[in-house]
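The same chain A turns up in both complexes below, where it pairs with chain B and then with chain C.
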Partner chain A sequence: MLKSKRTEIAVALVLISPFLLIYGVLFIYPTVKMVQLSFTNAPLIGAGEWVGIKNFQRLSFDRLFISAIWNTVYFVVLSVIPSTLLGLVVALGVNRLKGWVQSFVLAAFFLPYILPVSVVFRVWSWMFDKDFGIAQNLIAPFNDGQHISIFRTVPLFMPAVAFVTIWWLLGFNVLLFIAGLRNISTEIYEAAALDGASRWTQFRRITWPLIWPVTVLVLTIQLILQLKIFDQVYLFANGGRADATMVVVQYIYKQAFQQSHGGLAAAASLVLFVVIAAFSILQFQLLRARGAT
Partner chain B sequence: MVPLGTLGVNSIDASIGRSAKKAAAVENTMGGFEVFRKILSTALLTTALYAGAAQAKDTIVWWDFLGGGDGVRMKSMIEEFNKEHAGSVEIQATTLDWGVPFYSKVQTSAAVGQGPDMMTYHESRMPLGVSTGSLSPLSTDELKASGIQDSDFGPANWKAAQGPDGKQYGVPLDIHSIILYYNKTLLKQAGLLGDDGKPKGLDGLANWEAALAKLTTNGAVGLSVATADGGTIWRIFYTLLSQQDGVLLKDGKFLDGDNLGKATTAIAEMQKWVKSGWVPTKTEYPASIALFTSGKAAFHINGVWEVPTMVDLAKKGQLFDWGAIQIPAIYAHPATWADSHAFSIPNRQGNPVDPAKRKLVLDTIHWFNVHSLEWAGGGHIPAFLPVQNSAAFKALKPNSDYSSLATTAVFDPVSVLAGVASPVYDAAGNYVLPATNGEMVPADAAKQMRDDLQSQAK
Partner chain C sequence: MSAPEMAAAHRNIRRLDRIGLALTLATVLGAILWAFPLYWAVVTTLKPEAEVVQAGVVLWPRHFTLDNYFHVLFDTKIGLWYINSLITSGAVTLIVVVMAAGAGYAISQLAFPGRQALWWMILASFMVPIQALIVNHFILMSQFHLINTLAGVVGPQLIAPVTVIIYKQFFDSVPKDFREAAVIDGANNFHLLFRIYLPMNWGVTTALGIITFIGAWNLFLWPFLAVTSQEEMNVSVGITQVFDAFGVKYARDLATAILAAMPVAIVYLIFQRRVTQAIMLSAGIKG
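Presenting the complex of A and B:
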């Protein structure tokens, strides 16, 4: 008995060893290295000297880093909850369609998701262009008939990038919600309808509680994704008031690749890593607990 | 040659790879060893021929960041080079993304012994390249061996490619700057066009502002500038600062002493253009060009690299009668921001470009300088004096109308914080840009720019 258990463990180890190896080399090792790097004054390439917690002290006084954290939080608020709710609404609508119409509408919502970010940037920077953009026709009536530069006006920047991001990534949320909705048995709805439940009651009492696990999943995925926001903000802000709208990963990029401050960039990455880990665990636990009660 | 019959299939497999596998498969199915032998010897022969050809022909791996109108000209020059050296040398060129992506890729690849044999490099960005050890120094002897000598270049231009150690890290190809493009029709209507077809009466602050006011009519604005682009803003700001003898960086101090006041004056002037309606606010780079080429702006300030855009449009008959001159002396004396494209050899760690290849690369660099008249077609001013002083270049329009700027050109400050896509460029976007567009008080913008850059200097 004991022997066979040992064999089992050995077999299990052999079977999971490729994963462990890849995980160790591609994830654990770089993470350990990054933590080490964050305590040195290393440039982008090469070794540095041990400087203790100096990088972290510098970060805590760096106005740019602190504003980058707030900008990131602001972007998360603007994008995560709206894109989750909108995903659910669209999924509920699409779910009521039938046959090829449903496939067509679903594909239409999913199409932007397959675009690379550079294309998304090009499309929307032309749509919103101050002088020639087609969207200016819709915006101008709200601004005394004047065209307005969306991505060079600081208060409009984050909402506009959040809007573009939601447009771009919504399809994925819709897909997850549709999968969740299809898991709910139609018998429950039929029974509720027999009891005279209205559509709203059906949604509130049946759909919402049963779709909750999917909602938690979508929220968590979105939260992690948007805390790491970089591409869109970098592209749209490039050449403008980049500091005013800087997000954390952009700060890391600036320090590491433009200024060759590898140690400081590693310290900032570590802070972001801890924040993301804490936030996602907290959010997942909180939301799951609420769903259970 | 080893008799094929004595070799096992496995060792053949390893030695010539796929073709042997194919051949072995043929043998198995057909059963005829002769067939296998024939195919194998053909494969070996082809491999031998290919290896021979590769030995005779050297390749130069080339990276550049020339993605604009001038990049098209560079590609045709590379084709010409390859045609001229057919059978002996071939340039394999790759165009990468301009700015921070290019320079971080060069740095990271050099550090691991990868990357090209040669590359283009902005002289303004060399301080960072030298400080990170990404560039390989070029000795006077090896330069001389390829016919490259400092007396063939302007002294400031040549020196800008040197590190703090006094070593040469690049060979300049051109000088490029910003110029004033103008619409002859609109200028004539306003009485601002001289008999020689060039604008008149633009020098001095009062004249310049009066001209902009006069040219701003119902249908058009006086001047179009990419007021939403930090790079453009930087080039104009630095021009106006230099025309007042202002200095951005001296002895490790940014905008020291009365330079702060001069910077404020420059920013306030740019703000005045926008506030007075002479220059449209927050205009994107492509839109600023479109405003000019569609006749909605009488003047346009932009880099010489947009000359091909105008030349090509005019060739198609889609552009009015246009011209370009040096930026007028709005303040004390003429001065214009300038930068220079140069060629460099990366310092590939543990895998340096070998001496024979270095010689070949330097020969190639010299070839491009000797042929830089064609590069001037991209709007640039050749760095190589024999071409810059040649009758052929002096006859080249519109370059010859603005090439005088080279004598009063002001290069970016020599600092790891300055140059293309540097913190200085970013600071222009963060402070001068909003001030120009009326979102910040000029004095505050200048002060914040100074403090920000000073805090980044260690």
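Presenting the complex of A and C:
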């Protein structure tokens, strides 16, 4: 059956056509349309006129969009760096353990990661609840004994959402770091221990240099993920003054679905797309570099 | 080694052990703290509402009750949302796995024009954030009249280049001997795919299937945009959109959240190893 080249091509076509169809209709086509839409003044549903780069000019003067970019950057800084460092610390701790203790500890750190964001939202709304939240017992002493509505206090909003996000996603980082740590041969440590190297020296001279590539990988994965932040910020801000803590995807949502500015929303989407594409190329290069070694 | 040196070495080991014990305790304590919010949420759902709003930290219900769960199960739409979530997540998983296995096999094993271009296109698709496509996905789905339908929820979730890439990599590493032997026995490509390549990689299929299902069950943004009617909502969206008309009921609200989390938590606890394998594979680490 494999004799003729033509049957092989026919078989290949049958196997890839479902993928090609879905890919073309739901991925390539919307991407092209997004770029096209960003140069028009179309509403969400319906036709619009070509307006050139007017949407982009408008974005560059739109204080809400600029503040959305800064809020996103702020959130990225608050979440990505701490969650990467904490991930490494926890992985180092978990990696030392053995047997069922290790399984239990790993599961405790990892379980939040597989939960839906809406469950994470509900759990932490309850933890931080202004009237009955258990966390208020820890917060009140720092605020003259008064309870605080964390998610309605603008300066506290982003740090709190970043904190919840770290709690939610840390397990992923831990997992990647543990895989990296297991790749370091134990013989190196044994040799170092024989030479009388302290724990700290072993970490600084062996673990850190060897785990560095994983650290960079975790950083870029988290960076790309958190630039696209929407769910938590939207859920925790819902019912409050969302504009003050708005992030980029939330801005797209607001322009498209609440104000019906399809063209402007597409322009903001294109900006997000370009930024993410740049970081993705960086990540791909890093992965390739890792694969080569 | 002289006697004083021996003693010094001994002291060193004892000191190291004490540090080791402290590190172990710190890690276990950290794990308990990390799991506490989930424990606290579950315990709260097992208390009567009056006890939930009492002052003080009560780590175990004084009056144990399942009423909150009964209320949520029988007096809210959560059952319907569960079914919607099961249908959409199941459909996404099935379509993605079948489609990706076929495409992965073709790209890995067959020669056809445009193969290399297709491969680069799939790799390049990593660059496009799905969040940037929400506006056009919405427009497209409304042109198909699929807004507020389960099919509309499924659609944009079917873009899964990572799954194709992982299948391709695993099919690449199947030894060529198997293929040649089967071809001599008269096997065609469909036999090869379904009798050799897929069965040899069942582990990968299970891992990818589970992670796709969990991802679809947990997805928030697209189902939130695609559905506004309570009848078509998923669990993950429903529990954030519908509130009790008679004020906040903490225990009931949390019971809905715990029920929404239950399926993925159970799947994770049963298939821990597969879930972690799939996550590493998607991150580009072949584990």
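Keep this in mind: the second predicted complex is superposed on the first by the 251 of 293 C-alpha atoms of A that agree within 3 Å, B and C clash if a C-alpha of one lies under 4 Å from a C-alpha of the other, contacts with A are read in each partner's own complex, and residues count from 1 in each chain.
In this text, a residue touches a chain if its C-beta (ideal position, glycine included) is under 8 Å from a C-beta of that chain, and two chains touch if they have at least 3 such contacts.
Because the structure is a prediction, the values reported are computed rather than measured.
Contact with chain C, but none with chain B, is seen for A:I16 once the two complexes are overlaid on the shared chain. When the two structures are aligned on the shared chain, A:P116 is found in touch with chain C, with no touch to chain B.
Of the two partner chains, neither chain B nor chain C is touched by A:Y251. Using the contact criterion defined above for the overlaid structures, shared-chain residue A:G240 touches chain B, although it does not reach chain C.
Of the two partner chains placed by superposition, only chain B is touched by A:S149; chain C is not. For chain A, the partner touching the most residues, choosing from chain B and chain C, is C. When the shared chain is aligned, chain B comes close enough to touch A:Q259, but chain C does not.
In the superposition on chain A, contact of A:D129 is made with both chain B and chain C. Of the two partner chains, neither chain B nor chain C is touched by A:W168. When the shared chain is aligned, chain C comes close enough to touch A:F27, but chain B does not.
Annotation: chain A residues 44-45, 129, 131-132, 257 touch chain B in one complex and chain C in the other. Listing the residues of chain A that touch chain B in their complex gives 43-46, 125, 129-132, 149, 151-154, 239-244, 257-260.
The touching residues of chain A, when paired with chain C in their complex, are 1-2, 5, 8-9, 11-16, 18-20, 22-23, 25-27, 29-31, 33-34, 37, 44-45, 90, 93-94, 96-97, 101, 103-105, 107-112, 114-119, 121-124, 126-127, 129, 131-132, 134, 137, 167, 170, 172, 175-176, 179, 196, 199, 217, 221, 224, 227-228, 230-231, 235, 238, 249, 252-253, 256-257, 262, 265-266, 269-270, 272-273, 276-277, 280-281, 283-284, 287, 290.
Across the complex, chain A is touched by residues 12, 16, 19-20, 23-24, 26-28, 30-32, 34-35, 37-38, 40-41, 44, 52-53, 57, 95, 98-100, 102-103, 105-107, 110-113, 115, 118, 123, 125-129, 131-140, 142, 155-156, 158-159, 164, 183, 186-190, 193, 214, 217-218, 220-221, 225, 235-237, 239-240, 250, 253-254, 256-258, 260-261, 264-265, 268-269, 272, 275-276, 279-280, 283-285, 287 of chain C.
The part of chain B that touches chain A in the complex is made up of residues 100, 104, 107-108, 111, 128, 131-132, 228-231, 280-285, 287, 290-291, 421-423, 426, 429-430, 433-434, 437, 439, 452, 456.
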